[in-house]
Amino acid sequence: MSDGTMSGGTMSDWTSDELMTVNAARALAGARSCFVGIGLPSAAANLARRTIRPDLVLIYESGAVGAKPARLPLSIGDGELADTADAVVSVPEMFNYWLQAGRIDVGFLGAAQVDRFANINTTLVDRGQDRPPGRLPGAGGAPEIAANCGEVLIVLRHSTRNFVDRLDFVTSVGHGTGRGDRERLGLRGRGPVAVITDLGVMRPDPQTAELVLTDLHPGVTVDQARAATGWPLKTADHVAVTAPPTDAELAALRTLKAA
Amino acid sequence: MRDDDGMADIRTLSEAVAELIHDGDCVAMEGFTHLIPFAAAHEVIRQGITDLTLVRMTPDVIYDQLIGAGLVKKLIFSWGGNPGVGSLHRFRDAVENGWPRPLELDEHSHAGMANRYVAGASGLPFAVLRGYRGTDLAGRTDTVATVRCPFTGEELAAVKAINPDVTVIHAQQADREGNVQLWGLTGVQKEAALAARRVLVTVEEIVEELTPHPGGVVLPGWVVTAVARVPGGAHPSYAAGYSVRDNDFYQAWDPIARDRDRFTAWIREHVLDSEGATAP
Amino acid sequence: MRDDDGMADIRTLSEAVAELIHDGDCVAMEGFTHLIPFAAAHEVIRQGITDLTLVRMTPDVIYDQLIGAGLVKKLIFSWGGNPGVGSLHRFRDAVENGWPRPLELDEHSHAGMANRYVAGASGLPFAVLRGYRGTDLAGRTDTVATVRCPFTGEELAAVKAINPDVTVIHAQQADREGNVQLWGLTGVQKEAALAARRVLVTVEEIVEELTPHPGGVVLPGWVVTAVARVPGGAHPSYAAGYSVRDNDFYQAWDPIARDRDRFTAWIREHVLDSEGATAP
Amino acid sequence: MSDGTMSGGTMSDWTSDELMTVNAARALAGARSCFVGIGLPSAAANLARRTIRPDLVLIYESGAVGAKPARLPLSIGDGELADTADAVVSVPEMFNYWLQAGRIDVGFLGAAQVDRFANINTTLVDRGQDRPPGRLPGAGGAPEIAANCGEVLIVLRHSTRNFVDRLDFVTSVGHGTGRGDRERLGLRGRGPVAVITDLGVMRPDPQTAELVLTDLHPGVTVDQARAATGWPLKTADHVAVTAPPTDAELAALRTLKAA
């Protein structure tokens, strides 16, 4: 199903990436400010600004506070981010005065691997004994975004390659080894509150902080989600079904991407 | 290299690179997506300056090229990707396969790298941040440690200062005394420049007088060692007010860098056999 | 006080002071010679908000007035003079003679105070600097200590973060959403504002849209609690682009402040019995 | 003689303050950059820019780097300092990136009290057992200026009230308890190299770092200097006589002050 076109409850068709992005945008309904990584997080945050959260303050680690790009930037340093920002600050100021000080409500992260406690690996992947580990880009802003934002959203395609039993490298801490670990480590934000995929949404269990399946996108089954998860995925007592993308959401997303 | 007045010298790019950057140096070429000094890196490749320790938060295509050219023995960084595109294939090939030579890594988070430059610019041996906690990063480098707050007892991360031998940046303008102004996303350039022993700035143009610009960062000529006029010297990155980011180039780089032969041919054609520095 | 949108509220000065500043608060009114929020201090005097801990690098005439008015129990500072003129006589009288009440001091160097604000703005419990060494300052405060660099072993000064209950600053402009821009000598205002729990900004004018200004510092409305329009609210300090420093006033203040009765009469005439805040 | 008008070797008369300021300006002949306090240091540094050192970079702690004021500012925060500066920086940046990093050649300080090792008190003065100490403004930038500039010049009127056997408070360290103390304390700059007064110039002895009289202004005697110093003042083997202010120096200084 991944990357395919699906048929929903409205007159529109949509791709699984669109489904994921729309649901990620919806997760920003209560946010005032969002620290935005490039790619899916940037698409989702910009979509939220055009739909449910017009006042959302987008913050890019390149130094743009309150960016209002008309089109999706390719990089976090595209000129339009600075041109449309309320304030442009230096990179050290961004990380020290804005991120570290806990001023930003939501950190929006992608990942290469996520484990059951929503810890993140973006550094390297093991490829067996005969080969050196596969090199990924590395940490970037993620460790401190995950530590210091009020809460964290993760957006990632659902597959056993991405959702693994054990990370090959802990780049950024989600809930560590379980509930209470963030406090023990002195991490100030609440950590990941949702992992939004192309199959549904996982959220940490209130008691254990282990990710459990809480929502499925229309037409997706629990078994599909379990099969795409590298640990025995638990489900919430009641698994909700996400609302299909509305025409307005899809139109806004496609306009953004086409611009 | 400094004149008696201590102001920056105006040089050609090839002169400036030859005078400021030497085999074995620790070199920071900074610019956070914006104002990346590509032309200076190409001049380093042309001059074959090697055994470099390169420092940069986001190695980007500029260091992919220097690494692929075999000039780099160590990389100090925090995010090694082609922004918005994917992997840096020359960087991966060096790390995974040691081609064309092994690449030693000192790997950090952005917050850590930014603060390493801040400490360097401040003349301090280290900086403090709330970071790295619980990650595998700290265990793989000797430039992260901890300090305890003497007031609250809280344990915090300490990162070692970075003081490059040379920092290279690209800016929009300089005047004839070597005062430099850059604007737009100015990243960590002020800190990288002030942390370095020598500073080379390539600029879009040399003007009679710098006019203060909103968001402008000014580096006085007496903290700059040399200035070289290199219009377009940030391409495929950009200089706000002068050019836009060549996103197509970044996407086109992916297949070039995936293949060792294609990469080598590209460097030969577009760097080694191309025109040298622009005259001042 | 915040609306749902989290943006700053536009208030009259008297409303804003009443809502944001309370008896016993720790209050920083910053502005390094430039943009000192005198009008807000006068409103504090009119409202008789007392038992304040005041924070400011350079107490200046603004805190001489608050101290003389008997509202201050403690002062955290680094240089308590009338710049270019001489002593702050009300400050001296309080320290030397306890009039009108004793004044507790927490005394630092400028470098230390600046870094205390930096730590506060950064959400860190302390900051590191190379300072205080060999002086008698560190022995008289519990907000200076030492830390050892985990890389070099060097011992450095640590200063405790300052996080005021309220920071008050004056700026040139705000827009209707409470985004604020100041320019010229911007001192330590960004750090003082970002270190505080609540932020009050008085402004020369409220404009439809902020136009980026060279040297401009912008505070987004969502980090500002309230904005009050108070043209001339920095007098006898100044607002670059709107007024010049009233050096004559600073010189005239010296004989007024030397004498308790003259001071008291001045406060009555020029503050207590004068017009309140300007309407927004 | 203090504050009086004197007759010199040229057609001009001058005051003792002018004499002190002119000699202080001359001491900047080799400096590229100077961290300037307000008052006499500011007058001297601005005079140097108009006479022997036109390229001198004036740095004011208010944030002005390379200020070129046309008239003497009353405060270190006068608007003209920012308007004429090469760069305006925040106060934390000034103290961390510019001063602490050792980027500034000369720090120019005034004082209330100076001892024989050129340590400085600007905090408080004892007034006997029956009275509380007299309160002075305090440290300001001086402790770190004295610690971190390449070298330090002190300018101060010569009297036993100012030059004391023992400081009532050590606000800023000159040479501590003698040669080698700065290194022991980890202070990076060379410390005070000259104290310029209205009577002459004192410099630290190369061996002991104790201030010794090296220069007298025209018409001043060693006995006068000794009588105005609160410790037994040693003199150099050869005490030089400073050149009287030139007409050009006086004209430039008076223009500055009148502007």
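So that you can tell them apart, the chains are marked A, B, C and D in the order they are listed, and the count of residues begins at 1 in each.
In this section, a contact is a pair of C-beta atoms (placed from the backbone, for glycine too) under 8 Å apart; a residue touches a chain by one contact, two chains touch by 3 or more.
Since we're looking at a predicted model, the values are computed, not measured.
Note on connectivity: the fewest steps through touching chains from chain A to chain C is 1.
Using CA-based centroids throughout, the chain positioned farthest away from chain A is D.
Judged by contacting C-beta pairs, the busier of the interfaces C-D and B-D is C-D. With each centre defined as the average position of its C-alpha atoms, the distance from chain B to chain D rounds to 40 Å. Centre-to-centre separation of chain C and chain D, using mean CA positions: 29 Å. Chain A and chain D have Cα centroids separated by 59 Å. In chain C, 118, 123-124, 129-130, 154, 190-191, 215 are the positions where the chain touches two or more neighbouring chains simultaneously.
Residues of chain D in contact with two or more other chains: 96, 100, 148, 188.
In terms of which chains touch, the assembly is arranged in some other way, matching none of the line, ring, star or all-to-all patterns. Applying the touch criterion to all chain pairs gives A-B, A-C, B-C, B-D, C-D.
Within the complex, the chain B residues that touch chain A are 32-34, 57-58, 77-81, 83-85, 87-88, 91-92, 95-97, 107-111, 114-115, 117-118, 129-137, 154-155, 184-188, 190-191, 215, 238, 240, 244-245, 247, 250. Per the touch definition, chain B reaches chain D in the complex via residues 5-7, 118, 121-124, 179, 190-191, 194, 218-220, 222-223.
On the chain B side of its complex with chain C, the touching residues are 123-130, 143, 145-152, 154, 156, 158, 160, 212-216. Chain contact summary for the complex, chain A toward chain B: residues 38-39, 61-64, 73-79, 81-83, 88, 90-92, 94-96, 99-100, 123, 131-144, 147-148, 169-173, 176, 181, 185-188. Contact residues on chain D toward chain B in their complex (touch as defined above): 32-33, 55, 57, 65-66, 86-87, 96-97, 100-103, 148, 188.
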